[in-house]
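Paired with chain B in one complex and with chain C in the other, chain A is shared by the two complexes that follow.
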Partner chain A sequence: MVKLTLEATLSGHKGQVWSVDWSPTSKTLASSGQDKSIKLWRQEGGSWVCVTTLEGGNTRTVRQVAWSPCGNKLATASFDSTTCIWEYDRNTSTWDLAATLEGHENEVKSVAWSGDGDYLASCSRDKSVWVWEVMDDDYECASVLQVHSQDVKKVVWHPTDPLLFSASYDDTVKVYKEFGDDWECAESFTGHSSTVWGLSFNKSGDKFVSCSDDRTLRVWCRDENKATKYTCKSTVCGFHSRPIYDVSWGRHGYIATAAGDNAIRLFEQQGASLLLSHLQSDAHFGDVNCVSWKGNLLASASDDETVRIWTLET
Partner chain B sequence: MNGAALQNATPTLKQASTDRETSPDDWDDEIFDEVDAREIFDLLRTIKDPEHPHSLEELSVVQEELITCNDVDNYIDVRFTPTIPHCSMATLIGLSLRVKLLHSVANRFKIDVRVTPGTHQSEEAINKQLGDKERVAAALENPQLLNMVNQCIYGAG
Partner chain C sequence: MNNFSGALRLTDLNDFIGPSQECIKPVPVTKSKKRGVVKLHDDGALTQNSLPLQKETISLTDCLACSGCVTSAETVLIESQSIGTLQRARVETHKSHVFVATLSPQSISSIAHKLRMGYVETCQKLIAALKCDGYKYVFSSVEGSELCHQLSAEELLNCSREKNLPDTNSDKSVNTSVKKPVLASACPGWICYAEKTQGAAVLDHISRIRSPQSIMGALVKSVVSQRESVPYSQVYHVSVMPCYDKKLEASRADFVSKEHDCAETDLVLSTAEAFDLWGNNSTDMMEGRNFDSVLTDSPFPFKTPVGGGSGGFAERILHHVARSLGASGPLEMNFKQLRNKDLLEAVVVINGTEFRVAKAYGFRNIQNIIQKIKHKRCNYDYIELMACPAGCLNGGGQIKLEDSGELSEVTAVYTSVSTDEIKNSKPLLPDLFLTSYKAVEKSTSALNTQW
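Let's look at the complex of A and B:
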């Protein structure tokens, strides 16, 4: 019997909580939202507490927060059209605003570090995807990719290969690869009939699952002959009654979805398709905007101003 | 707006409704009053059109028959009808309807605000934008746009 047990409800944010992300190097959770702040949460003496609040970087909603692979930096995508970089200073044990990346014309919707930490990607309502080269404390724009015809909602790096994926309001997912000194779009994946809000890879990266405003999930499998080519093998419909805002494929194989019907659902792979293993109705008192796995822990962010931490039991 | 010619200079006007009739039961705390379409209509009907000095009810942009409200399922569905099929203010009107509901009804409700089918040439694009909570949230952080929405909902100032 697969189920989720509620470990903690974290209050402190004011307004919608849009994003949660686990540190890759410790059991610290970062969250961000409408109140323009980033909060770091950790378990102390058995209970989860907010250990740090980062403010004064972004001046509007912080749509997404992302840990760097080394665990010493945070990138934040904001409606104020900038991406902020926060760095941990070991000497003072504080987080400092290290850089503010400008360039997008309006709201930045998502930001993601490549697995080796050499690149940072950001995307915006201005329809563009930017790739930034990370050189110590310097961030240089390596490419501006204008391939989507609408608002770009999410950027995600492939877990093992230097490939960048983006999901958009134009209903497509696109993949980019390095090309000389620049980056280029290698493939465009169509199938969803409305905005693609997010996507998540399995551990090896030979499959990813995408989630959409069209209330479906799609499972995409890698072509054996072409690394950038994925084909939709199944469409998972009939489970969600409102838009699906996020999807996270855990390393244990369970796929969690965050939806506008206040629920969290867990799926597992069955052949090319997905099987619903658990439905957590009323997981929050509002839309669930984001889900993130760390081992058997699942964090969720919601419009109800809270973050919740769940334990997976199988 | 801004002194430019109105897109629809002489709209057909409808008489505004009278207030809902009250009954002694309304004040009885023992009786549970479900939120209904008329209640939602009353919240929306006084919103001002961005171009005309009239309410959305007078212009038949909002109509009680085009509102569905299910108190048990926590669901509100509002269809609005632009006065002309190429009305450039349709998104602003839809945004005003959504914001008024966000301000007024319990947050347990899921709200859909859409154009009445077949009444606007960009129906699909407008519905998609109004249905995108992220776009709505970002729009409301834009001071100029928020000011326009507030003028429609709460009048000048």
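Let's look at the complex of A and C:
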């Protein structure tokens, strides 16, 4: 029996919580939301507590928070049209605002670090995807990609290759690769009939699953001959009655979805398709906006102003 | 509108204040003296005192001063500067008006490449086609570039006071309040982007010297009206440029003659549009054709300025700076590539004084330069900033190329006639060639936020 056990409910944010992300190097969880702050949570003496609140960076909703691969930096995507970079100072044990990246015309929706930490990607309602090159403390714009015809909701890096993926209100997913000293769109994936909210890769990166406002998940498999080409092998419908806002493919193989019906669902891969292995109804008292795995721990963020931590039991 | 440069497109991108939103500008209504009775007819038509009501239109100039919705501005723009509009104007006014044209060297190079012809031949072919078509004068915008370079050099010298330069005569003529690093003003894609998204911190750095196109605009109609003894407003000036962004530039309120209440440049055609009109005309009567000159009575040479396909601003301006400072001989400028092929810098020492210049093309490089300026970490004297990756020969209005390798062939056409010795007499009134920029206020329409 696959199930989720509620480990903790973390309150502290005022207003919707939009995003949660686990540190790659420690059991620290970062969360962000409407109240413009970023909170870091850790288990201390058996209970989960907020150890730090970062404020004064972004001036509007922080839509997404993302850890750098080294675990010493956080990037935040905000509706104030900027991306803030926070850095951990070992000497003072404090987090400092290291940079504010400007350039997007309006709301930044998502931000992601490449696996090697050399690049940062951001996307916005202005329909563009930006690639920033990380050079010590400097962030230089390496490319501005204007291929989507609508609001871009999410950017995600391939887990092993230097490939960037973006999901949009224009119902497509696009992939970008380096081209000379610039970046270019290599492929566009169509299939969803409404906004694609997110996507998540399996460990090796030969598959990803995308989630959409059209209430379906799609599983995409990599073409053997072309690294940038993925083909939709199955459409998972009938399980979600409301939009699916986020999806996270855990290392153990379980795929979690965050949906507009307050529920979290877990899926397992079966052949090219997915099998529902657990439905956590009423996981929150509002829309679930984001889910993130770390080992057997799953964090979820919701409109009900809380973050919840769950343990996977199989 | 993929014809516009990327920088311009970004500012237009606004899905929720998009096409569906109505124009927020109040339409100026010309009041009629008599109180009218407006009647709604069964077919939905409106009449006033039984005459059809005139539909009020918003001009592009209105749109440019507003950031409410750029979409309608684009529509107005495309409509007002189309081949159709030009042909209508030809039919309606060819008896009363003197038609003249200015051709950009980037457009000529693109057409030359398409026709597999040399630069000079292509010029002659286009001049012949235009003259046959009834155009009385055909100018080269290089003549405007040259003036632009000279004036920009004076402007640059003037804001380089900290360098303790010897006082040169020209110092007094062009005194603008521009700050260093001085950014080129020739690219309307960049200018519109800066005005729509940046404040004084960036706008204060943009050269106040007009672009080559609008320098030509400042001269052409007055010169032709004198030579032909026709009123200013009866000269129709068409300009052929490598991008749609130049159509926007020509529509700026600054480039409408206040005195004559008439646009200095009536219509801008993209290279591809001009090719459709004149590119396929027969090649007879090319012999002996020459560019007319606005400043002199002798023909203007078939030349392009050295310094690459974006107009050679960095090279030519520094060349004139060197001349003003009394340096003789050719100016050695070795540009070295920085982080990408569209970002280059050079350091030149003129009589012991160091000048640092850069060329930055494409939106990403514009971004990085803007950030450096904002953080006061940009120590160049002058930057040739252009919105299109690879610069103007790659403008959105150029004839489409099969593959990117062809761009170097177009560049080769352009540089085959490049020179650093284009003679020009100095115009008497530099003020005529200045312009200004102002930030467009953002309309804070926080319409339904979308997550």
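Going forward, the second predicted complex is superposed on the first by the 314 of 314 C-alpha atoms of A that agree within 3 Å, B and C clash if a C-alpha of one lies under 4 Å from a C-alpha of the other, contacts with A are read in each partner's own complex, and residues count from 1 in each chain.
The definition used in the following text is that contacts are C-beta pairs under 8 Å (C-beta built on N, C-alpha and C of every residue); 3 or more make two chains touch, one makes a residue touch a chain.
Being a predicted model, the structure only gives us computed values, none of them experimental.
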- [ ] Using the superposition on chain A described above, determine whether A:169 touches chain B (first), chain C (second), both, or neither.
- [x] both
- [ ] Using the superposition on chain A described above, determine whether A:285 touches chain B (first), chain C (second), both, or neither.
- [x] first
Open item on the list: Output check: A:151 vs chain B and chain C. Expected answer is one of first, second, both, neither. What do you get?
Closed with: both
- [ ] Answer with first, second, both or neither: which of chain B and chain C does A:260 touch in the superposed model?
- [x] first
Open item on the list: Just to be sure I read the superposition right, which of the two partners does A:2 touch: chain B = first, chain C = second, or both, or neither?
Closed with: neither
Open item on the list: Per the contact definition in the header, classify A:182: touching chain B only (first), chain C only (second), both, or neither.
Closed with: second
Open item on the list: I'd like to know which partner A:49 touches here: chain B for first, chain C for second, both or neither.
Closed with: neither
- [ ] For A:194, decide between first (touching chain B), second (touching chain C), both and neither.
- [x] first
TODO: Using the superposition on chain A described above, determine whether A:213 touches chain B (first), chain C (second), both, or neither.
DONE: first
Open item on the list: On chain A, which stretch or stretches are contacted by chain B in one complex as well as by chain C in the other?
Closed with: 63, 79, 106-107, 109, 125, 151, 169
Task: Contact footprint of chain B on chain A as seen in their complex - done: 16, 34, 60-61, 63, 79, 106-107, 109, 125, 151, 153, 169, 194-195, 213, 242-243, 260-261, 285-287, 303-304
Task: In the complex, chain C residues that touch chain A - done: 6, 9-11, 13-16, 197, 339-341, 363-365, 367-368, 371, 374, 389, 449-451
Task: Residues of chain A defined as touching chain C within the complex - done: 18, 63, 79, 102-103, 105-107, 109, 125-128, 133, 140-144, 146, 150-151, 169, 180-182
Open item on the list: Per the contact definition, I'd like the list of chain B residues that touch chain A in the complex.
Closed with: 107-108, 110, 128, 131-135, 137-138, 141
